[in-house]
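Two complexes come next, and they have one chain in common, chain A, joined by chain B in the first and chain C in the second.
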Partner chain A sequence: MNSNKLAVLLAQDIPDSTDFPKKAPFLRQLDDSVCCTICSKYYEGPVSLLCGHSFCSMCIRENLSIKPHCPACRQNATEGNLRPNLVLEEIVSAWKLSRPYVLDLAKQEEARAAEPAKKKRRLSPSCVAGPSRTSSTSSKDSSPSDPPEGDVPKPDSIVNCPVCDRRLKYKEINTHMDNNCAPISSVSAAKSGAPTSKTQKTQWSDLMRGQPPKSKGKGKDKAAEDDDYPLPKVSYDTLKEKQLRDKLAEHGLPTTGDRPVLTRRHQRWTMQWNANLDKSAAKRQTKAELRADLKKWEEQRKNKKEKITVDDSHLKTHREDFKKLVAAAQPVKAKPAVPESSPAAARSSSVAPNPPPESDIIVVDSDDEIGDS
Partner chain B sequence: MSLPKRIIKETERLVADPAPGITAAPHDDNLRYFDVTIQGPDGSPFQQGIFKLELFLPEEYPMAPPKVRFLTKIYHPNIDKLGRICLDILKDKWSPALQIRTVLLSVQALLSAPNPDDPLAPDVAKHYKEDEQGAQRVSREWTQQYAS
Partner chain C sequence: MASIASRRLAKELSEIKSEGCPVGINLVKADDFATWWFTIEVMGESLYEAEVHTLQFRFDAQYPISSPAVQFVVTEGRESPVHPHVYSNGHICASILGNEWSPVLSVIAVCVTLQSMLASCKKKERPPDNDRYVRNAPENPKKTQFEYHDDTV
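And now, the complex of A and B:
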């Protein structure tokens, strides 16, 4: 029964904590703990709630639009509570890089344990090589403790700036940071040519440019241009259809479809947009990618609808069968006073049409899915 | 890839590493539709029974709960004669952090701890409230008759 598709399904190589040997439960735990409990994938733009639980930004936003509480502990939560969990994001990317290597080591270890006679061999050198690779990624992450743990680096050794992550000589790092992370050459130039008030001015204006964009004038257009600001929630009921279309057009989104379609599109876009901002700047998707995602999502929804209409023809062809079933069920309904006498009949009639109509829809659905993949 | 990764992962684990007393296998023609069996928990009137259930993952899963139904007849205050189950996590207390496995474990736990104060089968619940021993005897008889 469970032959082809299930086999195909299970043969897919999807990273899962069970890839690690059973004897390394802590590795399984580690692998699980960097996965979102909603989508089971590695966290994408992880955010934390007030209760401390973390989820992918998109997953939790979608969930909060349905139920305003944490999926893990049911504590009340709103979108306003979401805070990007940057450390977790870094852990995930470091783990993704080190996972194949650790997995390989764990498997080697397991194989070695299976061969009883041979003793420890030269696994140790590779063991040493391993953590060093991992720590090269993670040392970047642990920026606050950056001067490599233990001894103070020599003046000429290269370190990462804890602010901008640029690599420079240790002796230059203070000057570099004092000058707002300017490249060292320009700093020294400025130093030689007396720090004029002019440079300070430009620096201040650089700093201030990070503040809300000129809120005068056409605020709407500006908001669309500025990629760093989350989109506010919209009360769609108060908008006219034209306004809704304008809002979509602002972001270069299609303005076709009726009101519910437009609303859903804008809601989804807002969700995607804001979730994207919860990722660290380097990992963010471009506008075009977000638009492509939205298009894909809409197409999937459309397909679903079409499949249901296909199902109408199924209803037509089986009309006679359904009539018979209804007829068979009706006597049961007619005498509700004695439910105890006919539970078997009720049960058999409800169970008999084996895949219920609902799952019929899905049969079509999953067929296509498998064909596609 | 339109079957969500989460469903594939859950299926993999259910098949490779089933929870004790529970089996769940998807239909080959519909990977969202599972055949489930649950063993009656020891110490309950359903002990030694093997109950068949069906489980279906709707399109919205995991944002919406799976649909679960008993196919085997069972005498239980929270399960009606159509096999529908009264369990909060299958309704309003659903959370996407729950899984097929946890849902089925909860159903198994429900067999050990019938709750006649929140009935779905009022007559069975009444029986359980008024004469627990007698009701348990019927549950045992039904288990023997239909679930073994």
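And now, the complex of A and C:
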């Protein structure tokens, strides 16, 4: 079954930098550099540490909960050092969109290089066609209606401002640019003197517009605002189980299970919640999605545990050895008893210490050990 | 999420298959995302010339946050190299497999590190506490608390 899963996974088209031709190592490098070095997927909610290394928020939070330093350079780091890397996030989403296109181009280029030179001609005109229309770099393309290069446009002809790209008359362009690209009407108004204060006023209100609605909608948006705050770390040892359940209920999470389960659930939720906040607002998951993720995670953990507990073949194969060992450890106790009863005593005592029912607990312990170390 | 482990391993595997392994390292089997085998041999002049050893990697669902369990295979006629950090049961005492593991490392990175660990060895010998360790060693080397005291080899 495992190998089946492997085949399925390998058949899936997992994007990989080796998709790009070998001749374009820089594209491979680019593709790799927008992947998290922990999960090797494209960054999801990337955050940077003080040392400058970036990881997915969830990846690094998970790692910091085990070891408090940067996985790449081992410099000390804490969750408090994490800062969302918005530019990187932007780059990743842009790259995800452009990747198929670039990959296609790269493959075309590769195919073209493999074929004889004849084909080279076919592609190049279509490549040039786009840009040549806007700029007049290609001399072949310039039609007679276009003004010859270096010619000065007429005062009334419409031109694009080279700074802000606004379209205006050529004669106004200098005034426009001298006024930091202000719309020409307000420039002339400013020139006339009187309405200055008015335009300034509107400008100020423009500037301040961001603030007032927020303070006004305080009551109404309270819940929404709470959603933007990271959850603090909880010292679980100081909490009563009831308080822990309340904390989970607060976020609409299940409150079943014993204390370690509750603690782990809340820890995971806090991690997911805070990682989600490191994404830009548009990319964040909803609470319901986060809850679904948490559920999935818990189920996976459960499955894993069951798998290990099933594997008690070690217990079975060594049962005889265990019995012998137990018997050897207990002669002092067995001695005072009547000889006939000693086999029975040995058996009952051998059942107690190496018992299947306890194996569950043993596994949980060893599991945690691995996690902690 | 377990899918992170298998996804990352899938990516590592596809990279190995398309790029090939570094010199002296070869993939033997990787039929699933639980156990992989590599052969490793030291190239050039060293105490281990013409020896080929087999490395076994075992991954859990927390990979790459948790380290893989790495050891030399000592069954099916395969042997563990005689090295001051390698026990005769195949367990390896190397900090990057224990507390210095970092999730940015990869399977290939571990192979290369161990290859160079062998290459820089000056004297072929077992660790001083080999017999004692092997007698009580757990099946999984990750359950051993190694003490790393020698940075020279």
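FYI, the second predicted complex is superposed on the first by the 198 of 373 C-alpha atoms of A that agree within 3 Å, B and C clash if a C-alpha of one lies under 4 Å from a C-alpha of the other, contacts with A are read in each partner's own complex, and residues count from 1 in each chain.
Rule of thumb we're sticking to: a contact is a pair of C-beta atoms (placed from the backbone, for glycine too) under 8 Å apart; a residue touches a chain by one contact, two chains touch by 3 or more.
All values derive from a computational prediction rather than experimental measurement.
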* Using the superposition on chain A described above, determine whether A:74 touches chain B (first), chain C (second), both, or neither. => both
* Asked: Now for A:66: first (chain B), second (chain C), both, or neither, which partner does it touch?
  -> both
* **First (chain B), second (chain C), both or neither touched by A:37** => both
* State whether A:155 touches chain B only (first), chain C only (second), both chains, or neither. => neither
* Asked: So, A:300: does it touch chain B (first), chain C (second), both, or neither?
  -> both
* Asked: In this superposed model, does chain C or chain B come into contact with more residues of chain A?
  -> B
* To do: Quick one: classify A:18 as touching chain B (first), chain C (second), both or neither.
  => both
* Can you list the residues of chain A that touch chain B in one structure and chain C in the other? -> 2-3, 5-6, 9-10, 12, 14, 16, 18, 37-41, 59, 62-63, 66-67, 71-72, 74, 300, 304, 366, 369-370, 373
* Structure fact -> Listed in rising order, the residues of chain C that touch chain A in the complex are 1-2, 4, 6-8, 10-15, 18-19, 31-34, 60-62, 64-66, 98-100, 102-104, 142-143, 145
* Asked: Which bits of chain A are touching chain B when the two form their complex?
  -> 1-6, 9-10, 12, 14, 16, 18, 37-41, 59, 62-63, 66-67, 71-72, 74, 300, 304, 339-340, 343-344, 346-347, 350-351, 355, 358-359, 362-363, 365-370, 372-373
* Asked: For chain B, which residues are in contact with chain A within the complex?
  -> 1-6, 8-13, 15-17, 25-33, 56, 59, 62-63, 71, 73, 81-83, 93, 95-97, 123
* To do: Using the touch definition up top, name the residues of chain A that touch chain C in the complex.
  => 2-3, 5-6, 9-10, 12, 14, 16, 18, 37-41, 59, 62-63, 66-67, 71-72, 74, 296-297, 300, 304, 366, 369-371, 373
